[in-house]
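Order of writing sets the labels: A, B and C. Residues in every chain begin at 1.
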Amino acid sequence: MADGLILHEVAIARDDTPLIALDRTVGPGDVLTVMGPSGVGKSTLLAAITGTLPPGFSLSGKIWLDGHDITRAPPHRRRVGILFQDDLLFPHMSVAQNLGFGLRPGGTARDRTRLIDLGLMDIGLEGFGDRDPATLSGGQKARVALMRMLLSDPCALLLDEAFSGLDAALRIQMRALVFDRARARRLPVLMVTHDEEDAQAAGGAVIRLG
Amino acid sequence: MRTTVSWGALPVLTLCVLLGPVAAGLWGTLLPAFGHLPAAGQTGPTLAPFADLLAWPGLARSVWLSVFTGLTATALSLGITILIVAGWWGTRPFVWVQRALSPLLSVPHAAAALGLAFLIAPSGWIGRAVSPALTGWDRPPDWLIINDPLGLSLIAGLVAKEVPFLLLMTLAALGQADPTRSLRVAQALGYGKVTGWIRCVLPRVYAQIRLPVFVVLVFGMSVVDVALILGPSTPPTLSVQIVRWMNDPDLARRLTAAAAALLQLGLVAGALGLWCAGERLAAWIGVRAIARGGRGRGERALRGVGLSMGLVGAAAVLGGLAGLIVWSFAGFWGFPDALPDGFTLRNWSRQAMALKGAAADTALIALAAVTLAIVLVVGCLEAEHRRGRTLTQRGLVLLYLPLLVPQTAFLPGIQTLLLSAGAQTGAGPVILAHLVFVLPYVFLSLADPWRAWDARHGRVAAALGAGPGRVLWRVRLPMLLRPVLTALAVGIAVSVGQYLPTLLIGGGRIATLTTEAVALASGGDRRAIGVFAVAQTGAALVPFAAALAIPALVWRNRRGLHG
Amino acid sequence: MKSLFALAAVALATAPALADADPADWAAVEAAARGQTVFWNAWGGSTATNDFIAWAGGRVAMDFGVTVQHLKLTDTAEAVTRVLSERQAGVDEGGAVDMIWINGPNFAAMKEAGLLFGPFAESLPNWQFVDVDGKTVQSDFTVPTEGFEAPWAMAQVVFMHDTDDLPQRLGSMAAIRDWAVANPGRFTYPQPPDFLGVTFLKQALIDITGDAGALQAPVSDATYDAVVDPLWAFLDTLTPALWRDGRAYPANGPAQLQLIADNEIDLAISFSPGEASAAIANAQLPPSVRTFVLDAGTLGNASFVAIPYNSSAKEGAMVLANFLMSPEAQLRAQDPEILGYGTVLDMEALPATARDAFAALDLGVATLSPAELGQVLPEPHPSWMVRVADDWMLRYGTGQ
């Protein structure tokens, strides 16, 4: 099977009324942008891919990721990362604990600490490990959220209006950061947005729903 | 799928814990009521117990008392609650009202009643404070205030404790009713604050607080400890009489008690029906009033009445508690001295042994019951989350059911069943009995904060590779530490304040702070009563203090959890 | 009295056996008692008594290794009910009640129903000191104890009065009535069926009725009205002059102490000559309180402890009962600073040191000396008071 994220005749219905249908492949390192008015089901599509569809919704079709069929897999085994509009850093954990939450099990404590420190350096927040997430600025929080996701070694990345909560300057920075990292790790990216600039910065295919 | 099935078992188990004892107890009451008590050599069916019940000369008056005090106390409590919220919602004094709620709620009913009894008796603190300066009394007047035949002091004792409870429930309901915008619209249309609130917000809110109001009504009609302390004694309310008959060595009285318990059940059902009819009437009047379009008069008076009644109630509870504290350290204290002749630690040292034993039993039962409750409640809420199904209205009624059936109707039945089964009485059955009453309150306390938790944290955690168990233990529970601890505190307070379950199911072997305090109440030794009432209140308050202190300590470096 | 038949039928069906504990072999009893826990069901409305029970528990724990748990009752009938229920449910061993502070109709009911272990009392080592001749310790409200209960305190009715407001003693029930009518709201008595309340009715009945001898025999319809009618006439005059116009009564004896301290009443009945002194010592009563007895004498009886047939700690209970009859415990109970109860012991039968200790004891400022206590009247047959109490409740109380 090919690499990347394959949505094979995926159709989502709410209480038997069809909502969304999609049949696309997102290759490694590519970005697929999904745009459309609110309520058309963009976030529901992401929920279907992460495996957290609310009750009352049904999914038909198949979802493949790097050769594995994840249509019925439980959410924590899908290796699909997601970023929301809010950073959603765990408020009861320090920055370092947040980053370490997604690390694969195994390895000594020193190895894990080293990985976390490398991650912090990578996003320019060296020494921020013991900080309370609530004391960080919006841009810093967004970077930590991204690194947390990357440290869990996902095989795909979903963006649910991930840049809408940032001001213009930060938005440009974050977009660059996210897409660079995704490309470097050859992650397929599915982005949901209603901002045209996001779509342009992504530079990939664009689907308009609704 | 297998995990979903096993999680689904938890709500079923919880329902069994809640409803099993009630059903068993009602069955254990139904049989003797119709003359069937093989343990006493009686076989039914026969209507003789009901005939005996009707032959009791105090029946009519006792029935009237129970219904009158219950309905009046509930109506007054609800009225005062509405006036307080309608008049003061969103203002600065209201913040103090909210802060005062937890401490007021955690004072157990028996302690509040004992404190009130000392405050308002003719020889009580108020009488002593104003004598002989203002009144010229050197002996107290011979006024029948406590144990008065109309049950007015009983009503006062009930109202003082039920207003904070209804306030809490109303505030929880307001969180979902969006009152601010409606009020703004109403005021823009020319309605006064109180009238606007009552006409626009109350209908929405009342639907949410209906079940708690029913609980207040049932409690008011069937309470035993408060009625023993404040209610009339010639004759007493029906619940008190039922407990008396249960303790009579003449076994025929047990059958009469069972018959009276069924009568109590019928009275409660009738009162609930009457209340629902009253709701319809109020709605009909309200619709007419709205149609007439009057903008409401006497706004200031209404607001004043509401707040002053609330303040009086809070002062009664807190003042009574203060009086008990003073008594526990008092030397000789005669009338009309406003304070004792001297202060001493003797009362505490005299009671130390008994206090230690009772406190240990109270703590054991409370902690065991609360632990079981929180495990079941968290399990049910998590099952709700994983299966995507929330508690329906019918489920909510089932949750409230142990609180809607009078304790005197089913606890004696459980006692009889336990005895017939030869089960050893002891801490175990008492813990289970307490669990039945603790569980609804723990659930109600935790449910809203639990469901209000941002589920996206869970999605993010799952995306990071955390299974549902890890999400629960590492993400959700730590973030909900304060609501969980508050729910535990509520559960402990409820267990500490329980009287009848400990008395009846414990077979007399379990002495908690509450049973001791009520047993001492009849002896009139205010020093001993003070010591036990203060200890009882402390046992209920300390967990609340912990629920505030522990999260502040644990999350002292986490600003995100300070709200 | 259907229930009495039921009790009798049950008693015939399963007679209790004096199986295990034989009090004659006292060494074996003490050995078996070590490590046992005795649940002593005793009225808990008086702090002074609770303290004494706790002290006794501490002493037997230290000397004999017996743990005592005091289960506080509001009414002795609760313990009787418990044992009865256990018998009905077939719990013949390991019952919840190990010892009961009991006398009067409760004892009569349990003895008739065969719910008691025994006889044991007269085999206890300290029985040798008990004043069998001078005090009514072998007959409980005209029912012979036959060793099924062991005495531990003597009680006699006295009246407490606050000399600040009522300086003189009142010599008869009629005098009390006249004083109450002249000073309305200053006297009351506990609400029957409380034990002390019924005692007041009993004392009034004995003092007022023309035919006291009839009270020693069981009640009969023929004699009842003639004997009791004067009591109703007395109460009809007295009740409107009572505290709270007789619409409410204190729940029990100690509640009256608080009323006197609150200056709500000036006169109250008590069943313990030393109670007033003990209460003054405890700052529960003002120091101006004194006691008096009636000219014609007042009622007296003994308090006993009995052991249910299904107790799980019979040996421990016997050790405790024996300790309660010991000179040490009796001396402490008589001390007005502690309890102020009368003793069941015969001073002549005691060793010299113990006799001296009793003689040296200061009985308290409000306690009458044994000479001043005067004539002790015997208790009437229990059947009288059952009927009188029921009728009182119909006429004045609408209680049970």
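By our rule, contacts are C-beta pairs under 8 Å (C-beta built on N, C-alpha and C of every residue); 3 or more make two chains touch, one makes a residue touch a chain.
This structure is a prediction, so every number in the text was calculated from the model and none was measured.
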Quick check on this structure: which chain has its C-alpha centroid closest to the centroid of all protein C-alpha atoms? B
Greatest separation from chain C - chain, by CA centre: A
How many angstrom between the C-alpha centroids of chain C and chain B? 38
Where chain A and chain C are represented by their mean Cα positions, the distance between them in whole Å: 82
I'd like to verify one number: the distance from the centre of chain A to the centre of chain B, where each centre is the average of its C-alpha atoms, in whole angstrom. 48
Note the residues in chain C that touch 2 or more other chains, in rising order. none
Quick check on the complex: what are the chain C residues that touch chain B? 2-3, 6, 9-10, 39, 41, 44-47, 50-51, 54, 69-75, 77-82, 84-86, 88-91, 94, 96-97, 106, 109, 165, 184-185, 191, 243-245, 247-252, 254-259, 261-264, 283-284, 286, 394, 396-400
So, in the complex, the side of chain B touching chain A is made of residues 387-389, 454, 456-457, 459-468, 470, 474-475, 478-479, 481, 555, 557-561
Under the touch definition given earlier, write down the residues of chain A that touch chain B in their complex. 47, 50-52, 54-55, 74-82, 84, 86, 88, 90-92, 101-102, 104, 132-135, 148-149, 152, 154
Hey, which residues of chain B end up touching chain C in the complex? 39-41, 56-58, 61, 121-123, 138-140, 142, 144, 146-149, 232-236, 241, 244-252, 330-336, 341, 350-351, 353-354, 357, 419-420, 422, 424-425, 507-509, 511, 516, 519-520, 522-528
